[in-house]
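Letters A, B, C, D, E and F mark the chains as written, and numbering starts fresh at 1 in each.
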Amino acid sequence: MYATSLGADGALLRPLEPWRAEELLANVDRGREHIGEHIGFADAVTDLASSRALLHAYAERVAADTGRIDGIWLDGTLVGGVLVRTMDVPRGVAEVGCWLEPSAVGKGLVTRAARLMIDWLVAERGIHRVEWCVASENTSSIAVARRLGMTKDGVLRESYPHRGVRKDVEVWSVLAPEWLAAKP
Amino acid sequence: MYATSLGADGALLRPLEPWRAEELLANVDRGREHIGEHIGFADAVTDLASSRALLHAYAERVAADTGRIDGIWLDGTLVGGVLVRTMDVPRGVAEVGCWLEPSAVGKGLVTRAARLMIDWLVAERGIHRVEWCVASENTSSIAVARRLGMTKDGVLRESYPHRGVRKDVEVWSVLAPEWLAAKP
Amino acid sequence: MYATSLGADGALLRPLEPWRAEELLANVDRGREHIGEHIGFADAVTDLASSRALLHAYAERVAADTGRIDGIWLDGTLVGGVLVRTMDVPRGVAEVGCWLEPSAVGKGLVTRAARLMIDWLVAERGIHRVEWCVASENTSSIAVARRLGMTKDGVLRESYPHRGVRKDVEVWSVLAPEWLAAKP
Amino acid sequence: MYATSLGADGALLRPLEPWRAEELLANVDRGREHIGEHIGFADAVTDLASSRALLHAYAERVAADTGRIDGIWLDGTLVGGVLVRTMDVPRGVAEVGCWLEPSAVGKGLVTRAARLMIDWLVAERGIHRVEWCVASENTSSIAVARRLGMTKDGVLRESYPHRGVRKDVEVWSVLAPEWLAAKP
Amino acid sequence: MYATSLGADGALLRPLEPWRAEELLANVDRGREHIGEHIGFADAVTDLASSRALLHAYAERVAADTGRIDGIWLDGTLVGGVLVRTMDVPRGVAEVGCWLEPSAVGKGLVTRAARLMIDWLVAERGIHRVEWCVASENTSSIAVARRLGMTKDGVLRESYPHRGVRKDVEVWSVLAPEWLAAKP
Amino acid sequence: MYATSLGADGALLRPLEPWRAEELLANVDRGREHIGEHIGFADAVTDLASSRALLHAYAERVAADTGRIDGIWLDGTLVGGVLVRTMDVPRGVAEVGCWLEPSAVGKGLVTRAARLMIDWLVAERGIHRVEWCVASENTSSIAVARRLGMTKDGVLRESYPHRGVRKDVEVWSVLAPEWLAAKP
């Protein structure tokens, strides 16, 4: 029922509600290797039940006002998305993340979607600090953080194991005044 | 983050998520007498806590895939909405309802919003039968059912008490093939 | 501990509590084809676990005061029953249903049991409107509704799928004043 | 809907379901001092909410098959009852208790009701050991245990505080073979 | 992080928290036949999942302040333990139990651990009556009750089935004044 | 039942279980201004109910194996404590925190207690990365992080509001190999 344009190429952002579990599974299946290179998202969506469980968990966060998940559609296909993994409204802090299948890489889709999400967090929800946590080796995700005007706050050393190796995690953030000042 | 145009007058349909509880309360407060004339909705939203509880309950239905609620905005103000009170996807049946504050009456807003909702139910969710239940005396709501091309299936006699009197309830419905055939 | 006589043939009505799950399963197993011809009840009781789950769900409705289930015994065997599928005491509405295995058909057992159930709903619980929802093709169940003095309120067109075909559902009802006036 | 005769005086035993909370409160209110002399039951039923909560808790035990509560009616008034406080079917053990308002004392009502309850536990539910726990000073309740053919298994010294003094609790029991052998 | 000495042989008592499920399973596996001779504890711990479930259930009792479980370590190996199966602080009653694998029998470990547990119940938690329930045939456990200065309150006849035979259960107890008077 | 020595001054570390809610409230009441200068802990413990709720929440984390809380006693009085606010065993990360009333400041109690906690996390639970999050202005807590041999990973800018001002939060950490190498 809802879609927000992401630009001239016809890409759309839509709420990713539980009934879309089949689309999400197909999206992750197509990009499993690429999506799973740096993040655990792909490992959490392995069949229809786990896909539905993940979307149900995010719908519960909408109900509790602690998170959300939205999908990016290109030419009618779900190719990735952005999500608010955690949101603490009284504290004014939220963490944003993303995923994308390889065929959709290189078009700036995640940056555009993340801009909409941060706009919503800052302007409509009063969030003061938006975080972006990313493995140090995930250069394309770090490039998104830079394009979003974020600052690197630090590096959480050896913060989680991924496929047998502990990864450093960079914490990037943008504060509401910074975000608003950078708007054209 | 999302809004769907309802027409040339700039009216918008948006998801009515729990964080909008203050807007819903203000909307119901402005239209309490009119909204409560035939339906119990107004009595369920009397303060911020009950407004939040109602929106939380609908967010839980989104998570369970059994209902939803969307608001109508006119000139930046929430003036009413449409909702899927119940939805049984395996059975293919859903019941749609609405509310509107008096200042927004007479513009066809509910009919326009209900059309979008039924489109979504039929085309995206595979619902076969969409119901519209309405007190026999609620002539304006019955007029909406007619405009939506619905058929009266029957009258549930003395079906609920409202302000001291038991009301007859008319059940109107449209089936998916009827809905699709009537599209221009 | 409890049994109410249904008449001179020694038939009895008893609460159908969770510990009777084996009896219910045997009853449904004997009548699976007949019971399942028009209603989904048979499909919900396929083994001991599902039988127990159904009776547990009804016991929870007794606890919440929103429903109940009672069995009909003939010659010491559970042959069917009546149930209050939904009951909304503040609103004054309840829906009654039934099932019966074929060997017990034709003796008026369901009509007798339903009379006791409606007496309880109207006289002891203050229910104003008792509904009986039945597939249009289920002539024997419609005959029960007539014998109970009910009125047909309407036909919910193509209301649920059963074995591949969508069924029309007739809504019959009797109001408390009608019920009391018809008592001998 | 159900009632079992307790004898020629017209006393009846009925399931004490949650919707009877007002009757239970009235019963306890009339007998508060007497009922509360030795047991905590009266202190648990002090207003409509607590009465409903107690009956709801017992309805949940019916659903879980771990207990039940039944009321004694005399001349149309609820005057007391018997209950299965705990029931462990796999282990074959249950504890039975009772309460009675003073106007109904001396008629053997509790003994008659407890007999029906123990019959149900032993004959229908396969319970092997039925317990009756009673304060050593509660001579009338101990007399019931004797009339039921129970044996005193021991005295749990200073087992619970009641109105400032710790009470000894006698444990009486009857085993299934004893119960069946004593039947006329 | 915590350990209390049980004496000169280096035996230790430690909280048995859920993360120790593997140690508990190994302990029960080594002593399965002996531990299971009189009590059901061994039958409740048959694999890692059931071991974790048992420890989780006791951790929930700590949270609810209704019980606890502590392990006995000898030479670095978990060999048994003591537990507060039930604890009703407002009522002032608790039941203590134990288990031990055969290699650790005969050293007085359970008696020493139970002394610490009863000290805690009486001195720190204000428990008035500490119970010890034991099968009549379990002579070694009855010897512990005697060594703890307990009194036999009675015998619950044929109280539970164990491997095909119903067992008598002796109830032993010590009251707080008795316990404190017996301290050296 | 359990206590671990923190050194020659007789200070003790003990599990802070829910039944100690009164002691915790007294501790926080004595140090409310000092404890609340930089952290929200003091604001979460304002009466007996909130004190019990906080300890109950931590006991649930023990049950779920996701955290714990332990108190520091000096001369028989609870003066502060250390806690594992979050613990993700599969991921190998935990966050440790502390609080202390002013009379106990300057004795190194928190450093000593945190050492025991980190030893447990690293040696017994296999945690790889232990975090210490602290407001940039909280110099005494930062001094503890230094004494524990931790490294500053970064500064989360304006990370939470405290008494009207958004505070920067420093993230300090020590990795398991670092911790083990630094042991004498």
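The criterion applied here is as follows: contacts are C-beta pairs under 8 Å (C-beta built on N, C-alpha and C of every residue); 3 or more make two chains touch, one makes a residue touch a chain.
Note that this is a predicted model, so its numbers are computed, not measured.
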{"item": "Chains in simultaneous contact with chain D and chain F", "value": "E"}
{"item": "Same-site or different-site touching of chain A by its copy chain B, using the half cut", "value": "same"}
{"item": "Chain whose mean Cα position lies farthest from chain B", "value": "E"}
{"item": "Distance between the centres, which are taken as Cα means, of chain F and chain C, whole angstrom", "value": "60"}
{"item": "Distance from the mean Cα position of chain D to that of chain C, given in whole angstrom", "value": "32"}
{"item": "Of all residues in chain D, the ones touching two or more other chains", "value": "none"}
{"item": "Contact graph of the chains (line, ring, star, complete, other)", "value": "ring"}
{"item": "Order in which chains appear around the ring, chain C first, chain D after it", "value": "C, D, E, F, A, B"}
{"item": "Residue numbers on chain E that touch chain F, as the complex places them", "value": "1-4, 13-15, 17-19, 56, 59-60, 62-65, 70, 89, 116-117, 119-120, 124-125"}
{"item": "Interface residues, chain E side, partner chain D - complex", "value": "91-93, 128-129, 131, 151-161, 166, 171, 173, 175"}
